[in-house]
Amino acid sequence: MSEKLTTALCGMSLSSPVLSASGCYGYGREFDKFYDLRLLGAVVVKGITLRPRHGNAGRRLVETPAGLINSIGLENPGVEGFIAEELPFLREKGVPVIVNISGNTAEEYSELARRLDGVPGVSMLEVNISCPNVKQGGMAFGATCESAAGVTRLVRRHTALPLTVKLSPNVTDIASIAKSVEEEGADCISLINTLLGMAIDVDTKRPVLNNTFGGLSGPAVKPIALRMVWQVAGAVSVPIIGMGGISSWQDAAEFILAGALCVAVGTANLLNPYAIPEICIGLEEYVTRQGASSIRELVGSARA
Amino acid sequence: MVSIKFEQGTVIAQETLTPSIFRTTIHAPNIAAEALPGQFVNIKCGAPASYDPLLLRPFSFNRIDSEGGTFSVLYRVVGRGTELLRHIRVGDKLTALGPLGKGFVLPEQSKQMGPAAKPSVLLVAGGMGIAPFYPLATALVTHGLEVSLLYGARLSSDLADKTELKALGLRVLCCTEEQRGECPSLVTDLLQATIDAGDRFDLAYACGPRGMLSAVKRVCKDSELPLQLSLEEHMACGLGVCLGCSCERASDEGYWHVCTDGPVVWAEEVKL
Amino acid sequence: MSEKLTTALCGMSLSSPVLSASGCYGYGREFDKFYDLRLLGAVVVKGITLRPRHGNAGRRLVETPAGLINSIGLENPGVEGFIAEELPFLREKGVPVIVNISGNTAEEYSELARRLDGVPGVSMLEVNISCPNVKQGGMAFGATCESAAGVTRLVRRHTALPLTVKLSPNVTDIASIAKSVEEEGADCISLINTLLGMAIDVDTKRPVLNNTFGGLSGPAVKPIALRMVWQVAGAVSVPIIGMGGISSWQDAAEFILAGALCVAVGTANLLNPYAIPEICIGLEEYVTRQGASSIRELVGSARA
Amino acid sequence: MVSIKFEQGTVIAQETLTPSIFRTTIHAPNIAAEALPGQFVNIKCGAPASYDPLLLRPFSFNRIDSEGGTFSVLYRVVGRGTELLRHIRVGDKLTALGPLGKGFVLPEQSKQMGPAAKPSVLLVAGGMGIAPFYPLATALVTHGLEVSLLYGARLSSDLADKTELKALGLRVLCCTEEQRGECPSLVTDLLQATIDAGDRFDLAYACGPRGMLSAVKRVCKDSELPLQLSLEEHMACGLGVCLGCSCERASDEGYWHVCTDGPVVWAEEVKL
């Protein structure tokens, strides 16, 4: 990759504005077999909790028109397992690592932040206040300005790492929530997490998922995600990591033009292991065609 | 370490076996080169770059010709993906990801199986569960093993691959729900009957619907017959990334992931 | 159609639970050329305002993955034009008519209700507090419990017609909003209207729509719509008209199993003029296969 | 009253005219029976029941054989829909909605045009704007009118249908952006040059990109030449239902709807 895609996010130098979205990239091992992970600006790892979690029972995936509903339920090895077993691999690969954290209580978030603070190889924390797939906490924290601000404040106190807060799209006014987490010291905003969706099996006449609801992602949600990135970019001055349905370089470019400094690719990785390199190549050509010398010049340029 | 390829292949044959069962053969030499019996491949069934259907579709390898660079999948049309797959024309491009997952453990690799001069192997297939057995049977027969197949389907016309498996030298017993009354109509009844008749096996493999697998597991457990199951679960990535294809572990808490821990597992490892 | 699909909504006898969704069926004239409109339980007409509206300038449609963004902007002949020029046709066809009304102020809504009260051929009013395509009012009324309740209360006072209130999906808690309009006398709840979405043209580097945002509909939104119908069905006791992405009888069945008494078909009409008759046929066969004697037996049966 | 059909037709010919321009011919006798020059048809380009692409795609009738029950569309591949359309194979089914909209008003029906012994008609086409002109020219020539065509395209290889239109007896003048310098490279310059050279016409028809139409409108207005335009706008239903295909009216406020008030309109009726 040339200089055209390099960018800077919260003090980190990134080789490209394209990141992996949490939960759609594991801890990078599988994709490392397909291409050099240093293509990515950063790997955002699967959501980590304080203790290991097995995830949800029953069926976890439902395909929908141009979309995917998941109900994984934050299956992960816990923060200690992550640090011991997954982080060293990524550190060795030399790609910046953003750790996505989730808690059942605000204290669990701050405990996670404390534990990850200063751990070599961890570049940034992504505070997931928007997971629709766990019973307590999760999305509830992202539903109001107060709770979102509260979690951010507490986490902020327990780490010197740059913080990005990942917002839920299942809200009336995402811009206000973004503003309140910015005020509490978020260095960056990530959006969107999945939209709450469901499916019913017309033969069994029961919801397909044990938890009834799951999180909708993929191309279907892109128009909504882009609109929310546009709204948040108009409301905050911290950088934005935009995501939701990005599957092609054109999609990525739309989010950047709307005001996202970086973009994250989720579901598309599950359909095409080369989704990220293909998007990087397309974006680089786009920068050239636009007569720009860097992707940074295009950030927010549809807002002019 | 097997290496997984995301390969653009070419469809070289389309066969209609019954009005609802089809076989598609694809030239994709990098995938075919490393495919093993019991592994699977994820196929993009729609037009290139189409979002409908969004996900790739998993299918067991039904034929593997590593040297010729081709493999086949045998499938029943059940929805959008399989409907599109059967309509792809010979000569068209088709993208596939594979080989994926862990295949069947062969007797000489297997520790679970007791020592036997000439081990006798049992295959139990329900419906499309027949798909992965041709490559497995070929490997077993090549190793000089005695192989029997119990094969159940709804209709006798649904008994795909039966003739070809017989031709490999297998003893094949079939049952269908059409012949109710005469003899066992469910393959699990056929299995019980076979064992009751005194037939003895050293290792069994089963593939088919969840309910059938769980019945086969029960019967094999009772007769202390080591059993491998080929599982199905809804999948997205096929790579172990999304954690969507969970299957409950039998002993410890938590889940296996069918795409990487399976699709073939030892029966005692999973709750069914 | 046999008796299997007949149903009753707010005192009306309907020949089927399948309605047209507002704005995707005009005033019925075009579809009357394809089939007998009496197949429908009711025609929900294009949104009507007090005065005629020309609608929005610039491009009005954007195709997205399995979805459609529209920015029509309530182009309509106004309530007097509707009564004089469109209603007689529908009256003559003998199909129940539900009039979808929109206002810039709460007073405009009540004025519309007053004007339509007692007009022969009008069976019910659908109060659209969720149009994303007009500058003032519209969706804003559907964004909070207070404003939604306020409009409902005022409209309720000015008409004896049965009222259904059409909710916006762009909210954190749709069930609370449903409850507050139920408390103010809504006889029925319609949901969902379109999700706010946008698209950017990567060549011109500008939003595609003049208004930046438009309303997303079509198969893409179905999982979200179904989830919201499920949530509202658990919160209110009035009947529900469910919609959002319904394109096949299976989709319609999912909404009914989730608790919708009726379903409305929108975008699908634009892709296939026979969408509604095909859905009716499929639903009828489904009722038979389920061993039920009427679709009514299946309403909400996935909630058991 | 024309009646609109939603018909499952069969693709009977696929022609590749240039690397990016294609013609698809469809047997759909109910649509073909009533199609008129300047009308259009909405085509489902993806697999039946596929949601990708979601909307039907509008195309002008490029050939109409009412008796043979077929029509053709001529198109450039620009995105998902047209890419799929060109790959549909002969023999495959294809669903279409049509005939849609108002076609060209022929001279004998037209009030705007002054009386003329043998009216002389001008067609102006830019790029794919050529598509609807073959059926129109056929009708005009059948009525014994003198017809000239000014036809501009980027490359000379993009000049589709040129030979066939010449063969109808039209005077055809072409220009392309390749031949910069020599002669006018834009069709609007060609139009101005033709009029400056003293050529006189009684009626003009233009079809092409928005910018070209607006330039043609200016030139025709200056020379008081009545002009019909064939417009394009993004569409969903094609039936006048969704109100998505708006086009600003020239006089009163408000909008026309291209699918029902057009696609052919008198130039003075619209703002461009």
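Details
All chains are identified by letter, namely A, B, C and D, in their written order; residue positions are counted from 1 within each chain.
The rule is simple: contacts are C-beta pairs under 8 Å (C-beta built on N, C-alpha and C of every residue); 3 or more make two chains touch, one makes a residue touch a chain.
Owing to the predicted nature of the structure, the values given are computational and were not obtained by experimental measurement.
Of the two chain pairs examined here, A-B and B-C, it is A-B that is joined by more C-beta pairs in contact.
The distance from the centre of chain A to the centre of chain C, with each centre set as the mean of the Cα atoms, comes to 34 Å. As a whole-number value, the distance joining the C-alpha centres of chain A and chain B reads 36 Å.
One finds 54 Å separating the Cα centroids of chain B and chain D. Rounded to whole angstrom units, the spacing between the C-alpha centres of chain B and chain C is 47. Residue positions of chain A touching 2 or more other chains, listed in rising order: 62, 64-67, 218-219. Counting partners per residue, chain D has 51-52 as the residues that reach two or more other chains. A complete topology is adopted by the chain contact network, contact being made between every pair of chains.
Residues 51-52 of chain D touch chain A in their complex. Across the complex, chain D is touched by residues 46-47, 49-52, 80, 84, 87, 89 of chain B.
For chain A in complex with chain D, the touching residues are 65-66.
The touching residues of chain B, when paired with chain A in their complex, are 3-4, 6, 44, 51-56, 97, 233-237, 239-246, 248, 253-255.
In the complex of the two chains, the chain C residues touching chain A come out as 62, 64-67, 69, 143-144, 170-173, 195-200, 202, 205-207, 212-213, 216, 218-224, 226-227, 230, 245, 250, 253-254, 257-258, 286, 290, 298, 301-302, 304.
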